[in-house]
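Should a chain be cited, it is by its letter among A, B, C, D, E and F, assigned in written order, with residues numbered from 1 in that chain.
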């Protein structure tokens, strides 16, 4: 089969996915086995992966609060996704803008309903894990100073108002899908939405007390690296699972993913080594995560070489993005959510236009589409998503602030640390 | 297919499972792939999942001993399961009470022996991981004060005298299976047996020194949450794997499991928030585990709504069960094994009678069975299991005590902490 | 089918594997699902598994450096494997000694290329994870005193000069495969190569400052046990995945693997209990890892009984090997890479000659081969590998030393600890 | 004023604090320390290598009190901290020339 | 020479150190300690069980200075460490008879 | 009696302890502390943000000894702890008025 034809079919498949199961769909147990496991892997990315990745980066008096944010989000998003989120994202489309409520409470998603070659319930839970990790990514923007009640309200509203619509546009048969926007596993849907929203909430919330001089360094880089390693492993499920089948396409997505992660890690190390004289562990794993975020939208469309290029680009661009947000914009997006995830996701969403070409070992673009033409499509997808996410985030933050009497804890509580102040617990009670 | 008919077939399948592989069984590689992975996931639940979950809850001078208990149990149960345990549970039934020794040393379980659509060796190892985690659950009852030799002897005897028979009754084609007791993944076989035995051994062993005033708070709640997250992920394999196939049934079991976990975590947070003013991380993840234990017996029989209800019920009932055991019964079941696992497992085993009904989105009961009728069957199953487990545990504890010169370490050793006293190691040697 | 015939076919399959995909190969989604997951499991073994296993054993001032070694190796080996390593190992054979460059940059390994029943890209990435963990095993030999630049250069050269050739000889259709050397998942390719090279580099590098009197004990045995548990779980993918199919063979490999791990852990505990009066957690999990290394070459050829025997042998032999290296040879192979991995891998590679016999429940040897005959074949395979690895390691160490101005950091840096000295970070910043 | 500095066994910290509170002591400062004395440390064996840990975990209490309370405080600490076994620890008394409460600037006995 | 020993709130360590550096203090030693005083500890609730934590995290600063600087050092510490809220801590002054710099063997005020 | 308080480099703890044991010292107490002095701390860079860590890890040794041993003990500590490089630390001597062994109630030099 020609690359173009193959890509055309893939696109076709994407467009068909949101439809109700077709009569001829029959269960493929291998595909089902893989997507069930991929679901477990993506849950594993948030809990404990992301939780540890973020928790190691804060000071020791807030380690538990970060984990708690992730647990709280996982619990609440699950319920919201069941009740209405899945339906908004993947229900029958209302004009390409949002799904209807036909699938609320997973109605119609019984054991026997199919979606392609896998049970729709498996697809719904796979997507649920995406709906968990995306708002959890934003946690990195507001650590050490936010009320737990604000976290829950903000995240819940954000899921329904930002994530679900954008997810519908791109993956749920909405207008971006119609336009031909390429986003294999969430450069736009996951990383761009979360990244820009993180930047906005960080600005609105204000910096941590004493920022930047008196902020403590990461209290446990080994914990951060452990979480990053789990994210790396789990990302096989995130990107490879987005193929919704256990085949060469999934294999290639994983190959590109892994190679991008490794390359970005290596390049970030080299940059630090050159600039600061020493490569740091926190830097290396930040590079890995940047590579993973960047390859995400492209993973199913590119080959190993594409992974290599995406990884290198990710490290270079995200490294400088971190510097710019911190030193030029002076925004306390505390754990660099925008600079790493947002910028990475956007970068990958744009670069895929070229790297999907057969000359880079990719699957090719849709028939008749050129790289530049695709770049325009991608730019529209990214641009609209950024604007939508930013505007809605402003609104949600305002409303949340009104509901919870301000998003921030008191200065005393911030000094004491969120662990004790908000949760009544201490992270470490280690006697000798 | 009608729900009832489907359930009938499922029941039939359950009844047929213990039989030798049927001639027409042929390998399904997708099902096999899933159960192999599910096996890995259940092992992951114990090591490092449960080990970390428990180890974070004790004081820092006993952190290693808890991990050691889990490692020791994993090693010894493996050997016992190979030698005789599997055969006792899944060998040909001697009158519905116990399996014969025909499968001792996995005899007859070669590469080509089948069990349904998967190799029997895969089934045997999958069940082995259940035989590891069940006695390991009891560890939470006796931390910080028991001899390691007592742990090994107690657990080994318990596997053969409590777990293997009950497993045979329910899953091995024994009398409970004949009666129509529903236990998809171990509400009775795993959680009820371990939970009540934990309560009994905690009573017989006596409380920790200084309990309750001078006991130390959890030394590392982040470790506990990490373990809980791993348990959550691994539970996909525990419940979803119990379907023994990669299909919509497995998908639905996982959906219900995940939703119950999240709901229970959320509800537990709300209860603590209301009662104590602050939701704690230890509380939230305890809720998650309670939800998981509760949905276990029901997971393959109920729908997403069933998961939601089970999760909410789990949090409420188990929360108060913890209070009652601690404050009213004043039993130092140190890490709340009975109140969380035991009560959860029992609760789920009873509620399944209703929630399996089609009106709650479940698969329906066996033909001709009513919810109340099923409740009676379940009550018998639970009741007999509790009595059997409790009585046998008393006997095993007595004998173990006689063999090891008392189950408890000396007071000096308890003060020093089991890490140094029993294993000659220290948990943390962190210089600045 | 007779055991012998089956084995003959397995051997045939091994010999055929390096060939380009045969025309009749068609995708099996179940097999593919399993190997994708196995790949994730093997990556998980290194990151975070091995990183934590090793990092817990060093002093707290070097915890991050050990993790960094593993991350750096994972990144660099990935790139090298893509560029040339895979092709050297699995490209068309140049006279049985090394693969040609036909597969450099994964050329020809598109989404549709097959290898048996799975896409070749999946096979290539699966093997990539082996190429990561093998040089990472050597980390244990040189902790707390080596330059990071030396780690990268040494590991990269070692991958291409030691690992890739030996991998080709055994699994890539090279001369050892022709000779009938049995190595299911890497007793020779992985553990013997890494083990002996670890011993050599430890000798050349010299002992840690203050060794043996003033070396600090493991700073965090719980971290080590967590890593060991992850290794145990991941090893299902390592050994079970080496079957390249989701079938009874994979199931049996996992059964043998699990049983060997558990038995070795148990026996190591008993030895320590007898000799030192207390069984330690570090000892128990060391036993588990020794069992896993030892069963690796045999896993797909033996039955459960074979696993039991291999586990017991592993614990006894490796336990004394540790003593000998430390106390008789006085080599500071700091984390016992040779004594545990090297000796274990060699032991298993020899014992498989007997334990693969049908009388021990194994698959039998190749037609016409006797156990003693096979032992000779195995001894040749092991012997040549040890010599090749040792000699090349000497050369690589010398060259690396020349390039990086000596492998060791300065004494001051060693005292300060590699975390700060080489990476500018501290492992723990825990306030009260 | 006098500084009473006591090195005691870690699990005696709570009893000592309670006993001191009962006699009206309103402040003290605690450090986790490692002690070396007649009571010997222990040996840890990891994979056959012996590590001798010379130091034992102890807790150091420091409290500054008016001169006339020294006798009583020493008594109370001793009673609460004694187990009769080796390693129970020591009490030392050192003269303090000045003191100040940071919050109020009070000095002398008023600062305690 | 005098030993000034101050117990302060942990987040005041950096300001205190900076203030002392400004007046020319060249050395001090810091310990993480737990304090018990008028400011009370807190209660932690895990699964319904209450754990009362009597002690609060504090930082202890020790610096040895020439006699004539005592007044000024006390002042500076107080200014930098004061929040006006309970739990701000104490400053104690103790006489030091001898001192020595290990590196050079210098003694007395020269050793500081 | 005198309290000898020495701040030294962490890796010198074992040599110092051994040297003191050799001259018959039977007890001492050790704390992990952070030091600020002529030897400067370091800067850590995480993702481009600089964190300056002003303090260095040091170990504080406290031992109470009879008056006549002060000279010797200072000597021995200095010999064992000296590297000749900046940051080697200090030794201070403070007068101790009373002492008591908790186990036996012995006081004075007998308590040491």
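Note that in this section a contact is a pair of C-beta atoms (placed from the backbone, for glycine too) under 8 Å apart; a residue touches a chain by one contact, two chains touch by 3 or more.
Note that the structure is predicted; figures quoted are calculated from it, not measured.
Enquirer: Tell me whether subunit D and subunit E, two copies of the same sequence, contact each other through the same residue numbers or different ones, using over half shared as the line for same.
Expert: Mostly different residues: under half of the interface numbers shared.
Enquirer: Could you tell me the distance, in whole angstrom, between the mean C-alpha positions of subunit A and subunit B?
Expert: That gives a centre separation of 33 Å.
Enquirer: What whole-Å value do you get for the distance between subunit C and subunit D if each is reduced to the mean of its CA atoms?
Expert: 51
Enquirer: Let me have the rounded angstrom distance from the C-alpha centre of subunit A over to the C-alpha centre of subunit E, please.
Expert: Chain centres of subunit A and subunit E, defined by C-alpha means, are spaced 46 Å apart.
Enquirer: Of all the residues in subunit F, which ones touch at least 2 other chains?
Expert: 14, 31-32, 34, 44-46, 53, 94-95
Enquirer: Using the touch definition from the top, which residues of subunit C touch two or more other chains?
Expert: Subunit C, residues with two or more chain partners: 28-31, 33-34, 37, 216-218, 221, 276, 278, 280, 282, 424-428, 430-431.
Enquirer: Line, ring, star, complete or other: which one describes how these chains touch?
Expert: Per interface graph, the chains form a complete graph.
Enquirer: Which residues of subunit D touch subunit E in the complex?
Expert: Residues 1, 3, 14, 17, 26-31, 64, 94-103, 105, 111-112.
Enquirer: Which of the residues in subunit A come into contact with subunit B in the complex?
Expert: 27-34, 36-37, 39-40, 43-44, 47-48, 51-52, 55, 63-64, 67-68, 71-72, 74-79, 82, 105-106, 109-113, 118-119, 121-122, 124-125, 128, 148, 223, 246, 422-431
Enquirer: Inside the complex, what are the residues of subunit B that reach subunit F?
Expert: Interface residues on subunit B, with respect to subunit F: 431-432.
Enquirer: Which residues of subunit D touch subunit F once you look at their complex with the stated criterion?
Expert: 2, 6-8, 31-38, 54-55, 58, 60, 70, 74, 77-78, 81-95
Enquirer: What part of subunit B is in contact with subunit E in the complex they form?
Expert: Going through subunit B, the ones touching subunit E are 57, 212, 215-218, 221, 272, 276, 278, 280, 282-283, 286, 319, 322-323, 326-327, 336.
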